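Before I ask anything, here is the structure I am working with.
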Amino acid sequence: MATRTMGVGRKRSSAAHLPLGERGDGRFYGQHILSVAQFARTDLEYIFAVAEEMRLMVERVGTFDLLKGKILASLFYEPSTRTSSSFTAAMERLGGSVIPISEVKYSSVAKGESLPDTVRTLECYSDVIVLRHPETGAAATAARYARKPIINAGDGTGEHPTQALLDLFTIREELGRLEGLTVTMLGDLKYGRTVHSLSRLLALYGAKLNYVSPEILRMPPYIVEELGKFGVEQKEYTTLDPVLAETDVLYVTRVQKERFEDLKVYESVKGAFVITPETLKNAKQDMVLMHPLPRVGEISMDVDSDPRAAYFRQMEYGLYVRMALLAMVLGKA
Amino acid sequence: MATRTMGVGRKRSSAAHLPLGERGDGRFYGQHILSVAQFARTDLEYIFAVAEEMRLMVERVGTFDLLKGKILASLFYEPSTRTSSSFTAAMERLGGSVIPISEVKYSSVAKGESLPDTVRTLECYSDVIVLRHPETGAAATAARYARKPIINAGDGTGEHPTQALLDLFTIREELGRLEGLTVTMLGDLKYGRTVHSLSRLLALYGAKLNYVSPEILRMPPYIVEELGKFGVEQKEYTTLDPVLAETDVLYVTRVQKERFEDLKVYESVKGAFVITPETLKNAKQDMVLMHPLPRVGEISMDVDSDPRAAYFRQMEYGLYVRMALLAMVLGKA
Amino acid sequence: MATRTMGVGRKRSSAAHLPLGERGDGRFYGQHILSVAQFARTDLEYIFAVAEEMRLMVERVGTFDLLKGKILASLFYEPSTRTSSSFTAAMERLGGSVIPISEVKYSSVAKGESLPDTVRTLECYSDVIVLRHPETGAAATAARYARKPIINAGDGTGEHPTQALLDLFTIREELGRLEGLTVTMLGDLKYGRTVHSLSRLLALYGAKLNYVSPEILRMPPYIVEELGKFGVEQKEYTTLDPVLAETDVLYVTRVQKERFEDLKVYESVKGAFVITPETLKNAKQDMVLMHPLPRVGEISMDVDSDPRAAYFRQMEYGLYVRMALLAMVLGKA
């Protein structure tokens, strides 16, 4: 399969405010990271190669001063300890510093300041801005006004591109390849932006996708349709059983009680979406079990010691991917 | 005009707990920064010279290790994202570190601890303390007990000296001079400590001051009187029109609806205090348009691209001024 | 007296997840710091020797890069400005970085994540975790799951070992010795985990302990009994008078009004637990007056200038002890 960009990739040029370098060394320098749709396969491979270098360097020497003197403004309009900690660690592992702005209710925004004004103020103090915002499209709005690179750390039900990248990187590191895998997504596939973004990226690698969810939490038709146009093989199920044996990657998400109007329905289905050691008996020996975390019972703690349980390693891969992205947009990769 | 200190300058010696160095190199070392009243013109010129060096160094090399190993305790009893981010960035750009203490309700203060005790604890951990406090005089109280330098980052309706310094530095950098300017202050001149402090500093430079405000938000008589004693030419208006053409610096502040008992009065005047591209047609080509930010409609976003719109550059100048002050009180300027 | 570990020291091996190095240089490397019960006298002497080195280095050069590149995750499930600031300063003074996670209500925990999952996520990003938690035993739970060292910064009414260590280090630095002192503890001895832990450590040094408290806030019988088994001489009083003259160390804690059902009882006793310059007239000239802070009236501010008032120095000693512990568990002492 040749390198290709998905349909939504048309947004790419608007997302990037500086021209993409033709050669690898300046790639993504000064660019915004807004959406998985901005990445072609060659981009992903470049990001992952840099992330792997980061991994090796952390494992060998712990930290290095690649971004010494650089400042990250970490602007979180809604809380996300995991994501903000990961970006903070990524910046610090590279020798850079962080301005944490997490107390939304306290911020100038509380005084009615617009997102563009906040961003244009913060870029006076920093070299790159990581933005988490409850509204879809907020990152793109910020990027329209910013002179410094914006990294989208999740905007509402919109995008969370660094999560999708770390998910894909996890699969690559765990299995050694991305091509032609059977990936089963389990749980709430309707509201989970994680699985939406990941499925789009997997489409670039000829994955076969199984969607296992309660009836009311099925993968949205517009995504199924979008991927269908790219020839992605997709099948839907209500239980894991029929597809577990063929699954290379099992991606679990939480089924929230609150999504169900009829609690009887919830009670009748919830058991089908909990992974136990019993479940794994029928899975491939080298299957990769993933979860974006936090989990609240979807994967039993007994499973943690199974070598296939990759969800904590997934967090670590996230660190390397974010280190790579920060280094890249700051021109130091 | 010879260098002179204003009347309130008598407070100076009490504000400073270490004697002012006679020569520039040790100037402000170990001192508190509490009030604009503590600065004579030679002090301001020294601060601005250092701030300009900071600007050049940031523009050339980004960061440097002047304050490596130094720790700033950032003690904010009330939220101010802009000010705290600016000080954090200033410290980090100089290679120093920050202990952020912004969760007032969580602090030991919530357990009833006095400000002197909190300050004496924090100075065990840090080299300089930046203090934001809702009560007028809090910074002076803290300074009475502290062995390490206190920088006042705003205490109630009292002082916010670093804001006044950055405002003056902005004018200097934008126009290349401070002497003999016509400065028009627009909006809420009654409650804005920003314009109070700035007008006092401008008095040192022979400025002509125009005050444009709704009747109920006029510049307080005690300030008009104080500056009058120093021979400052001051005039009051209710619209911008008569003075716009002669204005070198237009300093806009917000007119808050909440200040008006009669909303009809607010509705009738508010239009007079909004700056649009139309407004700027009659202004000087090299006028400087300033605003302390955040703005909420006082300056239309259409104005942002006008080269006279200096309010985002103002934020950046603030960084350099704060870098200068930190370096100075820590003896590294 | 030979080096001995107290009875509770049996917990030691379970607390430590890596074997104690036989020689000083690797001591505590990779270990958790969970409880004072894990320390024998030789351990304490080693910690204090390192803390003293830290003190000398801070006094001479301010900071150094011993932990450059290392990251501390500061995980506070309940607020404690003093403790978190102290650990942050300790890490920064050693050239390391901090990931602050203090907004409990915002954390993943709010989404129902378990402490083990949070810890296993954070250790992906950091080299050491400092944990403050409202539940007794939380630190031990975290340690069971963590691959990186956990430092207990207080878990409920359980332990706060670094406070006890800094208290003991304060006495050592102020008096030059720990052996055979008369230590009087004053105030709320029932609920104060500080005095519980300190009394256990003092027992290792043959201290004579006086407990002065209101009847309802007496030292818990299980502690008196525990120490009694080790031959510690302990006496209880309701006023300071009978023991002040013989006291080498007076450790004051707060008597909270809320502890009293009958406010009349509170009113009748509270005066007996306030230290004034008058009180100190009858004390030894080289007595050490300590308080864990924050204080709310238990020690009058007039006392602060008395050379015996050691409570602010106590904060500073805390910095050195925490620097020592961080360096030790990270293998850099």
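All chains are identified by letter, namely A, B and C, in their written order; residue positions are counted from 1 within each chain.
The working rule: contacts are C-beta pairs under 8 Å (C-beta built on N, C-alpha and C of every residue); 3 or more make two chains touch, one makes a residue touch a chain.
Small disclaimer: the values here were computed from a predicted structure and weren't measured.
Under half of the residue numbers found at the chain A and chain C interface occur in both copies, marking it as a different-residue contact. To overlay chain B on chain C by their CA atoms, one rotates by 120 degrees, a value rounded to a multiple of 5.
Centre to centre, using the average C-alpha position, chain A and chain C are separated by 41 Å.
Chain contacts: chain C has residues 100, 103 touching two or more partner chains.
Across the complex, chain A is touched by residues 68-71, 73, 97, 99-101, 103, 106-108, 110-114, 116-118, 120-122, 124-127 of chain C. Considering their complex, residues 61-64, 79, 81-82, 85-86, 88-89, 92-93, 95, 100, 102-103, 293-296, 301, 312, 315-316, 318-319 of chain C touch chain B.
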